[in-house]
Amino acid sequence: MSAELVQFLLAGITLGAIYALVALGFAIIYNASHVINFAQGEFVMIGGMAATAFVDSGLPLPLAAAAAVAAATLVGLALEKLAVEPARNASVVTLIIITIGASILLRGLASLVWDKKIHSLPAFTGDKPIAIGGATLLPQTLWVLGATVVAVAALWWFFNRTLTGKAILAVSHNHLAARLMGISVRRVLMVSFGLSAALGALAGILIAPISFTSWDIGVMLGLKGFAAAILGGLGSGPGAIAGGLALGLIEALGAGYLSSAYKDVFAFVIILGALVFLPNGLAGRRAAERV
Amino acid sequence: MSRKGFAVLALVVALLPLALTNNYTYEVAIVVGLNAIVCVGLNLLIGYAGQISLGHAGFFGLGAYGSAILAARYGWPPFAALASAVAGVSFIAWVIGKPVLRLKGHYLAMATLGLGIIVAVVLATEDQITGGPDGMAVPPLGVASFVLQGEKLWYWIVGAVLLATVWLALNIIDSPHGRAWRALHGSEVAAGAIGIDPARHKLTAFVLSAASAALAGALTAHYSGFITPAKASFLHSIELVTMVVFGGMASTFGAVVGAAILTTLPQLLTALKEYEMVTLGAVMMLTMIFMPQGLVPTLEKALAAARRKPE
Amino acid sequence: MLLRAENLSKRFGGVAAVQAVELAVESGTVHSIIGPNGAGKTTLLNLLCGIYEPDAGKIVFGEEDVTGYPPHEFASAGIGRTFQNLQIFFNMSVLENVMAGGWLHEACGLAAALLRPPGLARAERRARTEAGELLTFVGLERWAGSPSDGLPYGALKRLEIARALAARPKLLLLDEPAAGLNPTETREIDQLIRRIAERGITVVLVEHNMKLVMEVSQRVLVLDHGRKLAEGEPAAVSQDPQVIEAYLGVEAC
């Protein structure tokens, strides 16, 4: 393998891990509510921006990161409570507009609360590159991959081993049955929005030292996360991870070998192809409509 | 209702200049008209046929750049450039609509959104022909040495095109095709069971809405003399959908009203320029939460209820 | 024979919803399909109008092999239907629902629809009148101008029938038209089915109400677990010990 290829693959996996976290956020909310939360990318932005703001104000990095995740989680809970909950039974289009409105609102607020400049976070453990076979690896990349693995493992544990996690899965399979079993659908919704926001913020903090952050990075990250979630089959956790990694790799290889100007396009070309030729995604299945 | 509504709209277009005092207000009115043309078409797709598109700014941009490039780079007469751009975009919509419209709901949203982004990136990247992110100059519309210029003249051009668009839209909505769209929206299986081919009718709505977006895009380009890829952006697609939904889905006059309010609002709020995004986001959320049917249908219902009471 | 289905089968994952069913519907008759819940009746109707494609088997309508056609081509061949779970166009008025049903006979070009020439205006008026007559035929004339989401359940069931009739089908598939109706309303549906048959429209009726089935149909097919259990004249079928055991037995508990 050429050093160049290794370099591109490393970049792709790093990017893919971030997309996977965002896509997992989409999947969790979609499962609990059948809502596509177009504000998902803003959680990533809030995570990165809040963390840099906290660091600038003198907090040590770990504390700043924790505070940023907490802030994004609160925003996620507020979004659910104030905007999604009141419109639970609205049509798909209505919910799309509501969450897109929320994303524009959050972006506007971010530009007011912080500013419209580009910020960066110091790398967690220095930025002395590690050489592997001609390619170089930033220590931050290891943080991104490690933290993603830990987050995915924690999610697995949460959904398979805790009561709340199992309740969320139950709701995603059948609202009515879940309610009859005494599960509070509203609480499940709150938890899933909070969880998705926290995941998004984590992604934003992890990537901020590598690719910088600013008030408007949420749009593209959100849309690509959505593309990854769809590629993997809407609502499937493993699918979201696979979709995220696939998109990250495609983007990095496409930008490296084909054209860096078109790096944002590859993801959407692939997703269009997948939608047209593989309408059920890589891992998901869609049931036939029943009449 | 629709005939009366059309007369009212024509009257508004005819009398509005009395209230337009300077070039700037004319300019705002023209932009309202151009946005309304897109929204009336887009409403056929979203409001009547029930199919979402988050990428119509792409068609707007293709119409604008298509006409601009043919006129500026290839020296076509501007009217021929405009007509070819609209025809070309309609053809593109027809070709991509076929596979894409098989998708439903969130999947369709994703696909249309992706198409829009691809168009926007291509327009911003191919700077040899498009001028790149900074945009390109566009020759004015006209025949030989006679050019259409000036806010007043353009007001009447856009007003006439808007009225024609609304008239055509009202006709088709109140025809078997319009009923087929609403049937699809109401229940796709039931529509199939009475002989309506979903693919065919979704495609006609998609192509007509793309054509109206391309027409408005081309007119915008020639009117303002300049065009940038921002007109094809995801945010612009969202603005267009928001106008339709805010005014009222499945209401042609709602689309016009939505375009009018959401185009003028930011102008009125220029003092609050910094708060523009916050306001737009809040308006989108609040109307959808409290008025999911949109402004015009909600008012119509309230009016009908008030009328019924006195009896 | 107006309709002949040979060896029709349809599976959903592990469920064999319809298994090797044969059906021959004679022109001008009312042919009923009965069977306990989950027997595969709705699935069979969905196969007979193209909503599902059969895994195996063949459907011949008149002289035409229609197997594998998309639903709208079943409709244009002359097969109409109503739905067990209402599929009303709630975004349209009652009259417009029926007018939409006339699509096949009022279809016009796109240019005409956009420009509305006098010919189309005339056709629209005619369609409106015809839809009004159909509403009268099913007894919904007083609701014509109402939005359809305000109608009571029983009226919606009849609206589905009027909409299906607007397509002028040769064969009409009715999926439990009397389900959820009170005895008076059920009797009215009974009358309505007879009058539809008198118009020369062949009817395939899926129904739970045995009395209704026995009264209106010339032939009955009994399904159980996706298979044909018995077929014949109503009187004979209702005496069949197998039917009594499987179908009535299930009904009783």
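Order as written gives the chain letters A, B and C; numbering starts at 1 within each chain.
Quick note on the criterion: contacts are C-beta pairs under 8 Å (C-beta built on N, C-alpha and C of every residue); 3 or more make two chains touch, one makes a residue touch a chain.
Remember, predicted model here, so these are calculated numbers, not experimental data.
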Chain nearest the overall C-alpha centroid of the shown protein atoms: B
Chain whose Cα centroid lies at the greatest distance from that of chain A: C
Gap in Å, rounded to a whole number, between the CA centres of chain B and chain A: 32
Length of the line joining the C-alpha centres of chain B and chain C, rounded to whole Å: 40
Centroid spacing, where centroids are CA-atom means, of chain A and chain C in whole angstrom: 47
Interface hub residues of chain B, defined as touching at least two other chains: 189
Multi-chain contact residues (two or more partners), chain C: 51, 83, 87
Residues of chain A whose C-beta touches two or more other chains: 291
Chain B to chain C touching residues, read off their complex: 168, 171-172, 174-180, 182-183, 185-187, 189-198, 204, 250
Chain A contact footprint on chain B (complex, rising order): 46, 52, 54, 99-100, 102-103, 105-107, 109-111, 113-115, 117-118, 121-122, 125, 189, 234-235, 238, 241-242, 245, 249, 274-285, 288-289, 292
Touching residues (chain side chain A, partner chain B) in the complex: 36, 83, 86-87, 90-98, 100-109, 111-112, 219, 223, 226-227, 230, 234, 261-262, 264-265, 268-269, 271-272, 275-276, 279, 289, 291
Residues of chain C defined as touching chain B within the complex: 49-51, 70-72, 74-76, 80-81, 83, 87-92, 96, 99-104, 106-108, 110, 112-116, 120, 124, 127, 163-164, 166-167
